[in-house]
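If you scroll down you'll find the structure; I have some questions about it.
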């Protein structure tokens, strides 16, 4: 009895182990293509990331015979970075200069967008053999936002313009920003030299409606959120460059770029094609008009004729 | 390995708290499930035609993935402890209700006859004959439901209800393997221990005569 | 209520191909899981049916695997096998084992010994007995096991979204992340529920068709 038991246990273990290896390595028809011919794009669980991921995916599929798979719902930039290092994804669709400068690179924040871009591009190439492409053209940063009416009334163009009227304004802001170190409220007061006596902490998702419904006068929002365009709101310029830059680009592993030389040209076509206003609009199409990011991406690419004929 | 030990020394108390949260959510849901489903099951045996329909309906509902049901509750009840418990409670209803119904329905007619012969009222028959004889089957349903709940309570943390799922999600989102393990291992142990324990209880409440004839 | 319904129709109108893509992906993952579960599980079930002393061990092991909470399983497997659908398929394979092994075992054990005797009496080899007597008579029960496995795998595949595997879970999660995403949550949850319900119904139909009495009735000449 012992013999048979042992034998059985061994057989079962071998069966299960071999299956896991096979599965891990091979490709299941319909789910994932052969590894040499598949490009995997990692996207965060944000609408913006998923839209850009789909844009890259559909563009590559349109221009080449490669199979492209999205690895969706990555939880944070850290996961994106790690997934690239582990070679589980070949491209990450939305990386932000400010985030990875202090995150992945562990360096001091840099306030000038161009300098930040130069640094990440250099470091990512040297440290990890990855290419940080030039920005799509938009950034996603903290933005002081007001209604257009208020901006006209007080002549507000820049954040510094708020200094005179801050005393009368109701300021809606995400709870965590108040206590945030570095680019939180304390840092803000030091840099800009004025305070907001009337602060109302709330969930970040609620600030847009609050502003539009005149429940708040000024809020701290995310600059590429679709509701800014949809509710006709105005972003004030961060003239003292208090917030680090969060220009958005895609990052690709050089190994994959070498294996498929045609990719670099294709990916470069997307550089500078989407400004902040456009990203806001696409975000709104997805969240407000309930279109799936895949569908929004398709529309975008069709509008631009898949960038055919563009260098 | 070092990471894991580090983690335990720093987060030991939090781990205990989260484990307790997890047990708490599961226990309340299963408790509610029992006090609703068992009486309901008994009731259903009195109306066999409707019962079959309802059971059929429940069977269909039970195939629906739990996460879909959990997510459906977000717009209805919001996030937090309450919607999580409600969703889990609903999911526990089906196995318990079904097993109670089947268990009681299958109590041998002659034993009920005997009860009637002894002058028992309906209520007494339920209490002294039917439920005791159906207990093994009911217990089996409770055991199934409980283990199931412990497993799916991990998803409850996705809607802010706390529990060991918090660690698993944090670990996935921040790429911290030690967090994933800190959530996965305790919850698996919890499920296994509960299954074992309730299995013993199930054997205990099975009258000796029936025990032998139970197949695997 | 009507509002939401209208919204939903709107949603499906705009996003039909994407929803189908994810539906297909999720179903494929589940199907693969059950397929591999069957390839490994049915032989194991047959084996322990013939070597009964082993059955408590094997079934307990499969039971233990079954008890592991799905999210925990996916989380740990992700650490070993990486992100993506293949990892999910492996988890689904594991979860298919218990229903398939147990049902195969039960089905074969329940074959009327008289049938086995007559088979042996007719000079059949072990393999022939298996192929011509045991399996045909257990088919319905085995199918029930496959059915249970499929429903379970569809359920687990729904949370595959957390390790980047895609599927309808992607839509559900997006709905939870967007403010006022009720429509999107519903739009993802409904096809998921339907997939499970339909799969269960279809497999149930097969199960009935394969039940020995039905088959014998249809083809009287097939009397064993």
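Per-chain residue numbering starts at 1, and chain names A, B and C are given in the order in which the chains are listed.
Note that in this section a residue touches a chain if its C-beta (ideal position, glycine included) is under 8 Å from a C-beta of that chain, and two chains touch if they have at least 3 such contacts.
Because the structure is predicted, anything quoted here is derived from the model rather than measured.
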Central chain of the complex, centres being mean CA coordinates = C
Request  = Could you find the chain whose CA centre sits the greatest distance from that of chain A?
outcome  = B
Length of the line joining the C-alpha centres of chain A and chain B, rounded to whole Å = 41
Remark   = Expressed in whole Å, how far the mean CA point of chain A lies from that of chain C is 37
Ask   = How many angstrom lie between the CA centroids of chain B and chain C, rounded to a whole number?
value = 22
Remark   = Expected list for chain B, residues touching two or more other chains, is 169, 172
Query = If you look at chain A, which of its residues touch at least two other chains?
reply = none
Query = Do you know which chain C residues sit against two or more other chains?
reply = 162, 181
Inquiry  = Which residues of chain C touch chain A once you look at their complex with the stated criterion?
reply    = 7, 10-11, 14-15, 17-19, 21, 24-25, 28-29, 32, 36, 40, 44, 47-48, 51, 53-54, 57-58, 61, 81-87, 89-90, 93-94, 161-162, 164, 166, 170-171, 173-174, 177-179, 181, 183-184, 187
Remark   = In their shared complex, chain A is touched by residues of chain B numbered 169, 172-175
Note = Per the touch rule above, chain B residues touching chain C in the complex are 60, 63-69, 71-72, 74-75, 147, 150-152, 154-155, 158-159, 165, 168-169, 171-172, 177, 180-181, 183-185, 187-188, 191-192, 195, 215-216
Request  = Enumerate the contact residues on chain C facing chain B in the complex.
outcome  = 55-56, 59, 63-64, 67-73, 75-76, 78-79, 102, 105-106, 151, 154-156, 158-159, 162-163, 169, 172, 175-176, 181-182, 185-186, 188-189, 192-193, 196-197, 199-200
Query = Inside the complex, what are the residues of chain A that reach chain C?
reply = 1, 4-5, 8-9, 12, 15-16, 19-20, 23-24, 26, 28, 30-32, 40, 42, 45-47, 50, 69-74, 83, 86, 88-89, 205-206, 286-287, 289-295
